[in-house]
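Heads up, the next two complexes both have subunit A, just with different partners, subunit B and then subunit C.
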Partner chain A sequence: MGKLLAVTIIIIAIASAVPFILHTWEPPADISTHGGLIDEQMSDTMIEAGVSFLAAQILLGIFIWQFSKKPSDTGKVKTFPGGAKGLVIAAIVLVGVEVLALGAFGSKAWAAVYFTPPAPDAMPVQVQAGQFAFYFRYPGPDGKFGPIHPEMINEGNQNLFGLDPANDVESRDDIVTAEMAIPVNKEVHLLMHAKDVSHSFYVPALRIHQDFVPGLDLSVHFTATKVGQYEIVCSQLCGLGHYNMRAYLKVLSQQDFDDWLKKQQAAQ
Partner chain B sequence: MTLKHICLAAAATLAVVTMTAAGPGSGTISGKITYEGTPAKQKPIDMSKEPSCAAKHPTPITTETVVTGPGNTLENVVVYISAGAPDEAAPSTTADFDQKGCQYVPHMLAFQVGQELKIANDDQTSHNIHPLAKINREWNKSQPPGTPPIIDKYDKAEMIHVKCNIHPWMSGTFAVLKNSHYAVSDKDGNFKLPNLPPGKYTVTAWHEPDQEMTQDVVISGGENKTVSFVFKLKPY
Partner chain C sequence: MHETSAAPAVVHGPPTTFLSKHVFSLDHKVIGLQYYTLALFAVVVGMVLSWLMRIHLGWTNAAIPGLQALSPNGAPGGVMTPEYYLQLMTMHATIMVFFVLTTAPFAAFGNYFLPIQVGAEDMPFPHFNMMSFWTTFTAFLILVTAFFVPDGPPLAGWTSYAPLSAIGKDAGPGQGTGQVIWAAALGVFCIGQLLGSLNFISTVLDMRTKGMTLSRLPVTCWAWFITSCMGLTAFAVLMPATILLILDHVAGTSFFVPSGLVLNDQLVPHSGGSTLLWQHLFWFFGHPEVYIAIIPGMGIVTHVLITNMRRPMLSMKAILYSMWALAFLSYMVYGHHMFVSGMNPFSSLVFSFPTLMITIPSTVVVLIWIGSLYGSKLRINTASLFALGFISMFVSGGVSGFFLAQPSIDIMLHATYFVVGHFHMVMGVAAMFGIFSGTYFWFPKMTGHMMNETIGRIHFWLTFIGTYCIFMPFHYLGWAGNVRRYAAFTDDFLKPLIPVHQFITIAALFTGAVQLLFLYNLIHSRFRGPAAPANPWEGTSLEWIMPSPPPWNNFGGKDPVVYHDADQYGVKTASGADYIMQNSPEQALATSEGD
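== the complex of A and B ==
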């Protein structure tokens, strides 16, 4: 019985490791400039965790095989051969060093996104997350976002941000859209706020995943390097429509982006 | 009895017979709703977050909060008798409200207190209809595709804004009224309130979100009285 358990444990350990080693399920190709460090961190973590996992499970299997006896013998291990203290200290040090190393290397990936300010000429785009859609705003030719008046939000009228163009001059040229378009290879400064509850902006290919916290004005910045259409999904449970909450991100050539923005402006 | 008496009697009888034969209520109030000023621009609706609905509108639909027509006509104005007519029991027909292409059809649904309201979902996506009642009970209800219509009713008169919790652009109104004398202005701004017995009536015209105009009209027989309303609209 014990030997069967040992073999089962080792088979399950190796079988679960195989899809990871073979890269059966790959994340979408990285289209960002900062994603390389994140992918490297992910890779390092998987390798370290994977090696530790396999070593632990195989060792466990070996010990179970070794010390499983026929029912006639007691087969109980009363003391750990050689004493446990040395091994326990070694385990704490090794695992501790591994975790600290991952944290130290990972901090570079974190800092590249969060402790680096956006470039001064990054294009600002505002995103508002509300139950259950994302809406975006571009500042228009004046480069300024008009003030938001939440009490004036009227979805039936498509006044999604609560703008008051009658009284606020900067709001008059603002462009509000239901999909987000950005030019390729240009840094974008995404200004984020939540209209109601917590949401999250997640574009896997962009390696950007940032929560919206009600009451906080948050931002991330990134540069997309590949033209295409990507899905922005809400990844923070926000209510009964959370499953349906998404928008599309279009990464376009500069020319196509300018045309897109003109078309959106005409529809305001 | 002289010939004069006979003639007078005959005339009187004929008059009474004519008046009663014309029916208990056969007066009509009709007219046209127009506006002055600049109406708010109706903006196209981007349904890209719901591809199955976006596919139903190759040319995006526009918002319907102010729908105007040539000659400055105004659609979706509910015109009804607010005074002078007794409250009526609800009819047995249902008031039908449809969710189609992620749009409420009709945009303005007028029906009576106690009348059965039937809400259908013709789309391939779930909706969560949320009538924002303030006088009646407020509720919202999820309706996956292919499920039976929601049946409900309201027992107090109210103008209720309707939204969908899942699709923010969906917008409509329930006009819950006390009697059967109501109409919603069509694309030419026209409305008609038939079958009115003689009496003094107050006609109210209501346009979302909260604009109301009234006029008093006297019906004395089977005539058609024309009444018009001119709403003042602003761009913002």
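== the complex of A and C ==
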């Protein structure tokens, strides 16, 4: 039965690796300027993790095969060549170097998203997450967002952002939409506001993932490189409608975006 | 520390009444079995909840027979609502993490075997010990009542992030009374754990018998000791966190709720609190908690393997230092649950380094296990099968940690099924295999009967293959971006993944059904199994010197004297045996190492 276990472990290990090797299930294709670094990090890690995984499972299987006791076996117990010392040094050095390298290189990808400030001419868009929808706001011709008055938020009469155009000049030209559109190849500075509980802004294709934190107004910035329609999904458990909390991100040519924005403005 | 302290003559007298023998027992062995029974009941409940969740995920509109009876609001006509899915999910995770994974490997086996393995008659504070079980049991009862309040259990997950968990019933079904019940149950659970940890620590430090120096302690004792130290510090943070959460619900405080929140077009009447504070408090507990769940299993697997390989580990010191390193580092990594939480992104990088470093002690332990198999005389039985299965599972589950430890990759994998696959394998299944291994290994000692080996092996094979079929595909789903905690998959990019979910559901139901074999084996063997000898596995540690089952005072009033550590396997003896028991004055003639 030891031999059967050995074979089973090895078969399971190889079978588990196959879908990754064959890229059977993949993240959506990257449409961002920073995503290449993330994708490279993921595939480098996959190689290191995959090799470690297969090596450990196969070695486990081989030793179980070889050393399951047969009734006729009366020989002495033998020691792994080099004993514990070699294994401990291998663990510390090999794994230590591997993970330090992963950490060091991965920092570059992280820094590209979080440690570079948005460009001065990045287009600002605000997104508000609330149970169970995303709404978006564009600043309009004055380039400024009017203040949010939480006590004035009223979904019943469509004052989704709690704007007070009567008293706040900047709010008068703000454009509120249920879908997000951005021009291709133009940096966007996304300002994030949580209305009620924690949510998250996750667009796999854009390689962007950031939680909304009630009480903290956070932001991310990115540039989309491919025209198309993509899903923005909530990934932080926010209540019963969490599974359904989605908006569409449209990446448009500059002309199409300008047309879209005009249409949205007219509909305010 | 070389000298051992003399154990007190008598810790408590023999039980005299039915209640003192079987219910309110001071005997650590009875308490251990009570914990085991609680964990067994809890795992059945937790598993049934997982079946309900999986059926719903594979077939969202299916009417599940009997579900409407359990909750007419949650499942009208037997079809699960999205909120009920989340409520069942919250209870599944809470029950499994606390009442199975923290209870069985640590409280059940630890209570039973720690005093025995150190050579003591009992723990030094038997009344605290009894209270720790009944407190834990009370916590379970409190938690279960959440199923039966009008709005049902909370839906915020076992992680229960604020503000969702703090602002009350308007945030969703179960977020009022259910959430408060959840927090109260956990607070009470913490008290039970703290009492238990105090006993474990003082048993190891003060109750060792003559000759049982710290360096001669079996590895399981070290694992339970390390876990208890972690338990004291981790649960001591969870308890106040749950109290603060309850206060936010009932006392008008705002520890976790800032101002300016709007729910159902009404301003939420809280201000001044911090959303992220809950996450810091919870994960400061939560990450050590997962090591609390796995370290006893590592101890059990090491102990079972040494006995079945008929040789010591290549280096027990390496294993022990690694377990201490895991425990120590576990407090420094907790922010890896919060990489994209909105905390300072520089903090994310800082947390990622110890997270990557913690791979090293894990790798040391795995390599020592595998390296020790080389040249051994590996006996295959159900206990050793599960121990070997643990190694495979721990490797599989651990390797996905390479990805999740890196913030840049976490951008893609955070809150996806990749995370769910990772923790189910490395913590859920691996710890379960540790529990199974310990059960098959120690059942003869605890009950005086042998388990059925054939049924045990079938249980192992079907569970090993079944759990891989369930949890390996979770990684593929997560890699493709499948977000977790979704009651249904309605997004365009998720719909093509539904067939994978259906495959997983079938595997889960099948593997769940297989556990009936284990249950049958447990119950049937307890009453009808062949009589067990004192030392069926030819083990060296002190549990094997006593009859099966042991008498109420363990060593019959005579403290054993210890001459060796528990690693005397593969030795040459005058009697021809290949092992020397810890309490035997016999010395090895020479080790029978081949080179």
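Rule of thumb we're sticking to: the second predicted complex is superposed on the first by the 256 of 268 C-alpha atoms of A that agree within 3 Å, B and C clash if a C-alpha of one lies under 4 Å from a C-alpha of the other, contacts with A are read in each partner's own complex, and residues count from 1 in each chain.
Definition applied: a residue touches a chain if its C-beta (ideal position, glycine included) is under 8 Å from a C-beta of that chain, and two chains touch if they have at least 3 such contacts.
Since the structure is predicted, the reported quantities are computational estimates derived from the model, not experimental observations.
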Looking at A:Gly241, would you say it contacts subunit B, subunit C, both, or neither? Reply first, second, both or neither. both
Between subunit B (first) and subunit C (second), which does A:Gly83 come into contact with in this model arrangement: first, second, both, or neither? second
Contact-wise, after the overlay, does A:Leu160 reach subunit B, subunit C, both or neither (first, second, both, neither)? first
Name the contact category of A:Ala133: first (subunit B only), second (subunit C only), both, or neither. first
Looking at subunit A, does subunit C or subunit B touch more of its residues? C
Going by the contact rule set out at the top, does A:Asp211 touch subunit B (first), subunit C (second), both, or neither? second
Report for A:Lys69: first if it touches subunit B alone, second if subunit C alone, otherwise both or neither. second
If you stack the two complexes on chain A, which partner ends up touching A:Ala267: first (subunit B), second (subunit C), both, or neither? first
Look at A:Ile58 in the shared chain and tell me whether it touches subunit B only, subunit C only, both, or neither; answer first, second, both or neither. neither
Regarding the shared-chain residue A:Glu179, is it in contact with subunit B (first), subunit C (second), both, or neither? first
Contacts of subunit A common to subunit B and subunit C in the A-superposed view 130-131, 154-156, 239-241, 244, 246
Which subunit C residues qualify as touching subunit A in the complex? 81-83, 86, 155-157, 161-164, 167, 171-173, 257-263, 265, 267-268, 273-276, 309-311, 313-315, 318, 340-342, 345-346, 348-349, 352-353, 356-357, 359-360, 363-364, 366-368, 370-380, 385, 388, 391-392, 395-396, 399-400, 402-403, 405-412, 414-416, 457, 461, 464-465, 468, 472, 476-477, 479-481, 483-493, 497, 500, 569-570, 592-595
Which residues of subunit A touch subunit B once you look at their complex with the stated criterion? 130-134, 154-158, 160, 164-166, 177-179, 239-241, 244-248, 267-268
Provide the residue numbers of subunit A that touch subunit C in the complex, in ascending order. 1-2, 5, 8-9, 12-13, 16, 19-20, 24-28, 37-38, 41-42, 45-46, 48-49, 52-53, 56-57, 59-60, 63-64, 66-69, 73, 75-80, 83-85, 87-88, 90-92, 95-96, 99-100, 102-103, 106-110, 113-115, 130-131, 150-151, 153-156, 162, 194-198, 200, 202, 204, 207-216, 218, 231, 233-244, 246
Residue ranges of subunit B in contact with subunit A within the complex: 40, 43-50, 63-65, 125-126, 128, 142, 161, 163, 165-169, 171, 235-236
